[in-house]
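The next part holds the structures, each set out as structure tokens.
Note that subunit A is present in both complexes that follow, paired respectively with subunit B and with subunit C.
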Partner chain A sequence: MIKYTIKRLLQSLLTILIVVSIVFLLMRMLPTDYYFTPEELDRLSEQEKNDRLAAAGLLDDPITQLLRFYQQLLRFDLGTSRRIQTGVPVAEVIASKVAISLKFGSISLVISLFLGVVIGILQARYKDGIVDHVGTAYTVFVNAVPHLISYSLLLIFGSRVLGLPSMYSIRDPIRSAILPIACLALGSTAGYMLWTRRYMVDELNKDYIKLAKIKGLSTREIMFRHVLKNAFVPLAQYLPSSFLLTITGSLLAERFFSVPGMGPLLADSISRYDTNIVQALVMIYAGLGIIGVFLGDVLMTIIDPRISLTEKGDAR
Partner chain B sequence: MKKIISNLLICIMALSLLVGCGSGGTTSGEPAEVEDLVLYTTIQSEMTTFNMLYSQAEAVSMVLVNCIDGLVTNDSYGNLIPNLAESWESDDGGKTWTFHLRDDATWVNQQGEVQANVIAEDWLWGLEWILNYWKNEGNNTTMPMSTIDGATEYYEYTKELGQEAAKATDLSVFLEMVGIEAPDEHTLVYHCIAETPYFPTLGTYSCLYPVSGELLAQLGTDGYTAVTPETLWYSGPYIITTYVNNNEKVLTQNPEWWNTEDERFNSVTWKILESHDVAYQMYQTGELSRVQLTESNLQVITTSESNEFHDYTVVEYTNQIPYNFFWNWAKNNEDGTPDTNWNTAVANEAFRLSWYYGIDFTDYLSRYNSVDPLSCEAITLSSDNLVTLSDGTDYTSLVRENLGIDYNGETYARYDADKAAQYKQQAMEELSAQGVTFPVEAVFYVQSANQTELDNANVLKALISEYLGDDYVTLTIKTYISSQAEEVRSPSLNSFQKTGWTADYGDPKAYLENMDSTSDSARFLYLYGHFADVTDETLLATAGEVAELIHTAHAITDDLDARYTAFAEAEAALLNHCLCLPVYMNSVYQLTQINDYSRPHAGYGMQENRLVNIETNANGYTAEEWAQLAEEYEANRVHE
Partner chain C sequence: MSKSKDTVEKTEVLDETANMSDEELFSFVEYHHDDAERTGYSNYSYWKSVFKNFLKKKTAVVMLCVFLCLFVFSFVATAIGNYDYDKLIPDNEHSFESPNSEYWFGTDNLGRDYWCQVWYASQTSIKLAAIVALGECVLGIIIGCIWGYTRKIDALFTELYNIMTNVPNIIYMTLIALMIGQSFLIMAISMTAFGWMPMARQVRNLVMMYRDREYNLASRCLGTKQSRILVKNILPFLVSVIILRMALSIPRTISLESTLSYLGLGLDVNTPSLGILLRNSRAFFLDFPYILIFPAAIVSIITVTFYLVGNAFADACDPKNHV
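== the complex of A and B ==
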């Protein structure tokens, strides 16, 4: 297990390094005018632009720049923001947003996981009953209607009927967080409902369940000790990723409710050519994704002893 | 299953109806003042810096103009009024300007604790920062370099110094080189290159704003570049007490503000919202003090008499920015060869005038104001409220008089079918003789991701086809991905560019110097138009004549009425030769609790966003009340 962990860790680091290097080099292939604002482009002479680019090290060959970037990384220096918050260290820009996305994301994850799994179980248990039909209709509705529409409906209902604040504000952090969290949970609840129901229905049709019934086990015992445990294994694999990726925020929900989280940051920094932030975010996102998958694998082995990370044949 | 879904849909529709019948934001009764103002900007307009000297963006100045006071400000009629300078004068006809500063202004930190007095030296540090090539990266340098003695030399000096040395500079060399001095703590003297009658108006703009030397010493150059609301020092009416990037900024009263007479809000909040549609929703629930209406929201409100806001839509009273088409005089084809056909055509005055008189842009204006399109008709290069003559006449009125255009607001004023037909015929004859083939292809670029601009361009294309004729001109719309400067302007691929512009200072020169063919800084001609590559003798002579008129006007420094009259003649000449083509002015419909007529107004600078002495009505203003406010405003207009 330790050997496997070390191997996966090294593989992960290499993957992150490759991803970051590719993104770094791609960013350096952009026209150099990204470095300047439109006003600066109009005002500065070519010589002045070149002086500025040279001072920033952007006229060096890309490999030299890449090696310098690696050195910066070893010093945990991600550089400074140039367009999002001029002159502010990238680490500060990101840190201020991570906490908020993590808070919103983890609360909505817990809510959606709880509701999704519980309702999914009930749907499977009472398949073709009223709960199953309502649950399926909800799942279809959430998946079929664009998020912007469902968010708008929830916003109108929440603000005009329930009197909740339309936008998130740190001056009213609890009430103003209700609508964005509800929206974030809206979609993922449907997802957990769908997959829990599907895996449980699959399990319920297997032979060992029939045997359990013949042996006289109670429905409750069958559902929770056998069906849920086995049905949860595929879901469990994605839980660490889901949790870790809450850090990356939600572009749509955060922008819609003005939540100052990580969601819009990548899109904003790309559109404004804030390359230092883009590089840092790509590195973080790649790292979180890789760690999430690894933790998912580990969690599966814990829940299902039949799965081994090391033995050939059973290895995933 | 179908039954369940249909029941669910019925529930949703019922909910929507219930919501639709919900209470609105307006209430009857006595109008109440707004004490806590809540404004918004869309996500694209979030502040990127708190260093006022660095940025020219409105998103930055509209907040910081409320936090840091400058030398002067504007009243609601555009008159220049004292701010931190109690008075100012020039004893030599406008070459040397002395500002007498008040002695009770202080810098405070975010907690409202006094950190230092505001003294004349703070303006020295401010200007040094602006002119230091490596500190401010050349931002906001244009005006000081073109007006203040030694400013250009100091800029070049710091450029040569190199990054590290320039960032470490103090005031010693600066004071030796640049025409600015602080004889005592409350006197500030600027020495201009030449007589500059409009120099005090520059004090409304960030290029002449102060920064505390003590704060700079505390934060260092990089620290001030990255200054935040927590580290900033404040001297204006408000302090930024809460700032969450991409969420909101809350300004509260500066307890140590020197001005005890001006009225302020208890707090001013700027929310960052995803769109104007979300803002409209928030206005309905009483969470905002003002909302800009999108075309669709405006249509919904105005077409339904039962709409709660039907009587509340009003046009924002603000500095209307005129947008012009600026010709490219030396266009290239995509393979880099000169587009001789276009270049020859645009150099022909009859060709340009056929555009000038020949297109009724009303449908194009409808794209910007569907209710009253002609209210955003642009006649001039300059904006209204830029300067006024001593009898109160607005400068642009003089230009219109000189143009002889009957501007009545009912029909598109410039359109003259007969003249247009004559010019078209003349152009076709003259250009055919020069080897131009018809139709002449004009190329117009819009950003690929901007659907609104693409739609606007398609309307323009249809108008050109309708009014000029497909036998004469065709418009090709092309797109650029991200950088118009690099992808379009630099390779010179467009036939004309649409640009709007707000002056930095109060003088017609602010606009006209950009069309002065003898000046390198004529950005409209040279940067957008590649005028340096023009060889057509007639065009050069025409531009030269206009330049001469501009110089003549600029040389008049002792009689402002005569100066403005001469500039109006120059601007009219410029337009009569159609060296640029005014198209539209921005016009915004809104629902608001803020009386725009009580706000500072000027066709230049950045004082318009200063939030003091603002009248409000918590119920929102009706169109009727708005018209009354406008009437009172005009009746009380006084110019100093």
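== the complex of A and C ==
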């Protein structure tokens, strides 16, 4: 197991390195004009521009720049932001945004996990009943219709009927956070409902459940002691990555409600050409994705001792 | 009860026949080639059963009809409307007029007729989604088959897949929007270029599953060409998965397009798609809900239809559900 873990972590590290290098080089392919704001482009002469670029080491050969970037990385130096918050260390910029996204994300994750699993259980328990049909309609709607629309509908409902603020603001952090969190929870609840129901229905059709019924176990005991436990295993695989990915925030929801979180940062930093932030973000995104999948696999082996990661070689 | 009755009847039949000789019991039948061929033929046709099973799903069929009407109507609507999309001029005197007999869906913030914008945008979105779904499907199947069938390149492709999926799509999209520009064609190509991966991955997994089944082993031993094994022996098993993916990629594409357009990374403002309309509506729909409701209703019908139809058709395609 330890050998397997080390091998897999090394592999992940290599993947992250390649990903970061590719993005680094891609960003260097754009013309250097992007480093300046439009007014600076007008104001500065060619000479001044070149001097500034040379001072920042941006005129060197891309490979030299890449090596320099890795050297700095070994000293845990991510550089400073150039345009988003000029002069502030990248780590600081990101940390302040992560705090917000993490707060929103984890609250909505807890809500949606609870609601999703409970409703999913009810749907499986009373299959083809009213709860099941309404729940299925809900999952179909949320999964099929673009989130932009469901967010808009929720916003209309929230602000017109309940009188909640339509934008997030620091002055009223609790009431204005309700709608963004509700929107985030809306989508993931549907996901948990869908999979809880699907796995539980699969499990209910198995022979050992028939045996349990024949033995005279109560429905409650069958549902919770046998069905739910087994149905939860595949769900557990996705828990760590969904928790880790709350850090990256939600691009659409945060932009929609002007939450100053991580979500819009990546798109902003690319379009405003803040290369240092882009590199750090890509590293975080790729790293979280890979670690999340790995932790999911580990969690699954802990919950279900029948599963082994090492026996079949690479389990994925 | 019924079981014991059966046994009683059987014993009676046995009693009747017990005293008969073999000649009385059996007689020879003349050999007919055609009759021999007919044995065991159950009039089963794969696609016929697929459609029969599909037609049983009432909701999906109804939604499909609604969608087809909507699609046809979008052309009729642009023709019968009072305004032509190409000739729209901003007119501040008429901004935010509620739906009336002149402007059937009202007007937007610049006083332009909303009816023709909405229908024009629906066509654009459907066209984009259809092109992307088809492109993803073709690319995904070809790459997935090669990936799954050729052992040597599996590790390489897996690593490539990991690298590509671990970079957030938004990076590619932003870079493309910055470096190349924004247009319908660029959008279609870039969405296809980064959308085929899940399809390829799934096709690869299935191809690997069926590749070494005994009948394929036998086929290979008998010297069947690899391409023939792939197309004739393996691909038919993937039909339901492929159709499901393709149908689901339409709501996903529309969704992604609306998100990207909302962020300003999608289509350019002069090619109205439903995403662009929704983006423009964000600032006004709290005061003028009709600006949101018309495009939202159309998008919802399209996406829900493909979601339901995809699931229903995939169920119908699965031979396990056939008689």
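Quick note on the criterion: the second predicted complex is superposed on the first by the 311 of 316 C-alpha atoms of A that agree within 3 Å, B and C clash if a C-alpha of one lies under 4 Å from a C-alpha of the other, contacts with A are read in each partner's own complex, and residues count from 1 in each chain.
Heads up, the rule we're going with is that a contact is a pair of C-beta atoms (placed from the backbone, for glycine too) under 8 Å apart; a residue touches a chain by one contact, two chains touch by 3 or more.
Everything numeric in this text was worked out from a predicted model, so none of it was measured.
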Fit-or-clash call for subunit B and subunit C when the two complexes are aligned on subunit A: clash
Partner chain in contact with A:282 - subunit B first, subunit C second, else both or neither: second
Contacts of A:153 with subunit B and subunit C, given as first, second, both or neither: both
Partner chain(s) touched by A:85 [first = subunit B, second = subunit C, both, neither]: first
Contacts of A:133 with subunit B and subunit C, given as first, second, both or neither: first
Partner chain(s) touched by A:55 [first = subunit B, second = subunit C, both, neither]: first
Subunit B versus subunit C as contact partner of A:266, first or second or both or neither: second
Subunit B versus subunit C as contact partner of A:141, first or second or both or neither: both
First, second, both or neither for A:167, with subunit B first and subunit C second: first
Touched partner set for A:255, first subunit B, second subunit C, both or neither: both
295-303, 349-357, 547-555 or 583-591: stretch of subunit B that collides with subunit C: 295-303
Those residues of subunit A which subunit B touches in one complex and subunit C touches in the other: 34, 140-141, 153, 155-156, 159-160, 166, 255-256, 264
Subunit A to subunit C touching residues, read off their complex: 15-16, 18-19, 22-23, 26-27, 29-30, 34, 140-141, 143-149, 152-153, 155-156, 159-160, 166, 248, 251-252, 255-256, 264, 266-267, 270-271, 278, 282, 285-286, 289-290
Subunit B-touching residues of subunit A, taken from the complex the two chains share: 31, 33-34, 38-44, 48, 51-52, 55, 80, 83-89, 93, 96-97, 133-134, 136-137, 140-141, 153, 155-157, 159-161, 165-171, 255-256, 258-260, 264, 268, 273
Interface residues, subunit C side, partner subunit A - complex: 159, 162-163, 165-168, 170-171, 174-175, 178-179, 251, 254-255, 258-259, 262-263, 265, 275, 278, 281-282, 285-286, 289, 292, 296, 299-300, 303-304, 306-308
Subunit A contact footprint on subunit B (complex, rising order): 1, 4-5, 8, 12, 15-16, 18-19, 22-23, 43, 48-49, 51, 54-56, 133-134, 137-139, 141-142, 159, 163, 222, 225-228, 242, 244-248, 250, 271-274, 278, 281-282, 284-285, 287, 482-486, 523, 527
